[in-house]
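In what follows, chain A forms one complex with chain B and a second complex with chain C.
Moving on to the complex of A and B:
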């Protein structure tokens, strides 16, 4: 198979576009798709300060890389979730990228700040791990962005991620979630950064291809907690359809954005106010993250108190109101 | 040829000349879910492979909730 732009051997076939590219022309294709996403959806300009959520995986490192090459002023944010060797390895990959490219990186440390990992949050509050993890990440992305003067938070969600979320929301007719699913979530509160997904036009396979062609060393192994996650099942189902009918995922998600979302967006009636504990935007008196961390700290306190009448080493609840400790280890 | 199936942490031998897509079908791998790499170069599904080739099937699907 030949590149459709030149005579070189093709490296990546993109069946939904009936095309194939060599390495160099694939990177051009990737850049065009990301630039178009940013421009068409008015995600940000070069005057915005953009915080890129980086996990050490292919999507977030590819996003960080492409935004840097497109000359956007971006800073990476890595969150240590405290998931053992997986977190250590993902941090090594992230820090190595930052160091090799002179890219600015901030690091937030959940166990360091809250005294326990996201897995312990999940166990203590009887949530599934992915739920505690997702809640923690969304909270910290926004909090770090606002406390450090970033107007935009960019995440590496790709077309497959968005199609799988949409598929799950449709299966359960989660109309409120459907109303909020968008490549851009505007700031609707003074302490809420705009959330953007510049890879929403890029398939997961293409994000991985970009990382490999660009020589980006990313963590290939999956988070151990994601085994059995519903999102993987939805992706598998969609990939079966995609294999038989190229363009299925794009048709589902882009079709939703064009024709489905206008029908449901009025259902998003959430009114935000300040969390009375941390001041972050929330729909209730105390935000979901503070509720989770406080419940987890309380359970740990009870467990430790019950263990013995020994020295009470109770874990302090999350400090409220004070800025989150964030370290710039490299590049700043 | 040697096929390293990265996500299953196993290596298999496949005998005889085949195209990439035929190898994937034989191993029951959905082509949408992997990239195929030979000597650090990505291969399209029509690429002809021989007995001396060593290829990696790199999973591209990641999960969980972001």
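Moving on to the complex of A and C:
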């Protein structure tokens, strides 16, 4: 198969677009799709300060790379979730990219800041890991952005991710979640950064192809906590349909944005106020992150008090609501 | 595993309800689910004359059987679609049931009435077979019902069917189809019968179990034209999820009825008028069925004229808009 743009042998076939490209023209295609996402959805301009959430995986590293090449003023944010070897390896990949490209990177450290990993949050509050982790990341993305003067947070969610989330929300008819699913969530509070997903036009395998062609070394392993995650099952079901009918996922997600979302967006009636502990925007008195970390700290106090009674030892509990320490190890 | 109601060994497990039944208690469960569908959705009462569309498959024969046992005054309607051996076999199963149970059955004969099978309609009008067949069946269900004084048409669509159709409509965000997907479609025109689906709470395998336990001999083969049909692929994808999480299909469909449908039903803005050829309700001047049969007849005339020129032979074209002949072979 030949590249659609030149006589080279095609390296990447894009069945849903009935096309194929050589390496160089694939990168051009990728850039065009990302630029179109940014422009069509009014995600940001070159005057915005954009914080890119980077996990060390293909999607977020590809996003960071393409935004830098498209000359947007972006800074990476890596969050140490404390998930053992997985977190260590994902940090190494992120830091290596930053160093190799002289890219600005901030690092937020959950165990360093809160005395616990996201897995310990989950165990202490009887949540599933992915729930505690997602809550922590969403909280820190926004808090770091606002505290460091970024107006926009960009995440690496691709078309497959968005289609799978949409599918899950439809399977359960979670109308309030459907109402908030969009490539752009505007800022509706002075301390809420705009959230954007510039890869929503890019399939998962295209993000991987971009990273490989661009020589980006990313962490290939999935998070060990994601084994058996529903989102992977939703992706498997959608892949079955995509295989038979290329464009299924795009049809589902873009069709939703065009024809479904207008019917549900009025269902998003959330009113934001300030968390009385940390000041971050929330729909309740104390935000979900503070509630989780406080409950986890309380459980740890109880556990430690029990241990102390046995070995006559005391231990300082993790404190919440404190200013967040962010380390800029390279770049900035 | 034991029956939830008695000490017998369970014969049918229903994972989405966390339960299992012996044969006798499964039939009780089945009856209860159908009765609940009829009552909750106000499908019909014992004063309605109900026409049951019967294909000879497990779902429609089970529906016919359960409605007769629940003492509803029902009559079967079999439509000969002219799909070769498949149609012959499905008619034999239907007629055998009617004869064995003394059940009233009407028969409408598409090739006999229109001079062509649904496959020939499809070929002549360049439609896919399932589209020509579905259009023909919907048309004849209503026309036979109205011409014979039935107020309600009941079809054997089960939970799996409804979930798969919903999934397909969501994949393409066909909002106007979503607006019309319901276990009950009311009569909105003097010549439009109410359409009901009393098996919408019953999974496909439960309909099969009912037929087997009840000793109903049904046609097991799928229609030969359904090979590769999208609906089978949608069922496969949903089965993958149902296997991992029993109740997925029920959650999708019932959740839609409860929370999704209220958001879309205002999108059904169809205004019905009388087809100027056959008088059946339609949204355009000539109904889709008359347009299809007239176009097919025209093509056949052209083809026959060509053949006639060659062999000096003429042939009468199929006529449309004529009163429909319905044969009540047994029962009525």
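By definition in this document, the second predicted complex is superposed on the first by the 318 of 332 C-alpha atoms of A that agree within 3 Å, B and C clash if a C-alpha of one lies under 4 Å from a C-alpha of the other, contacts with A are read in each partner's own complex, and residues count from 1 in each chain.
As a convention for this text, a contact is a pair of C-beta atoms (placed from the backbone, for glycine too) under 8 Å apart; a residue touches a chain by one contact, two chains touch by 3 or more.
Please read all numbers here as calculations on a predicted model, not as lab measurements.
> In the three-chain superposition, say which chain, chain B or chain C, touches more residues of chain A.
Ranking chain B and chain C by residues of chain A touched puts B first.
> Tell me the contact category for A:258 with respect to chain B and chain C: first, second, both or neither.
second
> Would you sort A:103 into first (chain B), second (chain C), both or neither based on which partner it touches?
The answer is neither, since A:103 touches no partner chain.
> Of the partners chain B and chain C, which touch A:292 in the superposed model: first, second, both, neither?
Touch partners of A:292: none, neither chain B nor chain C.
> Applying the document's definition of touch, where does A:171 land relative to chain B and chain C: first, second, both, or neither?
A:171 contacts chain C only, not chain B.
> Have a look at where A:133 lands relative to chain B and chain C in the superposition and call it first, second, both or neither.
First partner only.
> Once chain A of both complexes is superposed, is A:236 in touch with chain B (first), chain C (second), both, or neither?
Touch status of A:236: both partners.
> Where on chain A do the contacts with chain B and the contacts with chain C coincide?
236, 240
> Please output the residues of chain A touching chain B within their complex, sorted ascending.
So the residues of chain A touching chain B come out as 1, 10-13, 20, 23, 53, 57-59, 130-131, 133-134, 137, 155-157, 160-161, 204-205, 207-209, 212-213, 220, 222-223, 225-226, 229, 231-232, 235-236, 239-240, 242-243.
> For chain B, which residues are in contact with chain A within the complex?
Residues 6-7, 30-33, 35, 37, 40-47, 58-66 of chain B touch chain A in their complex.
> Name, in rising order, each residue of chain C that touches chain A in their complex.
Interface residues on chain C, with respect to chain A: 170-173, 175, 230, 233-234, 236-238, 240-241, 244-245, 248, 251-252, 255-256, 258-260, 263-264, 267.
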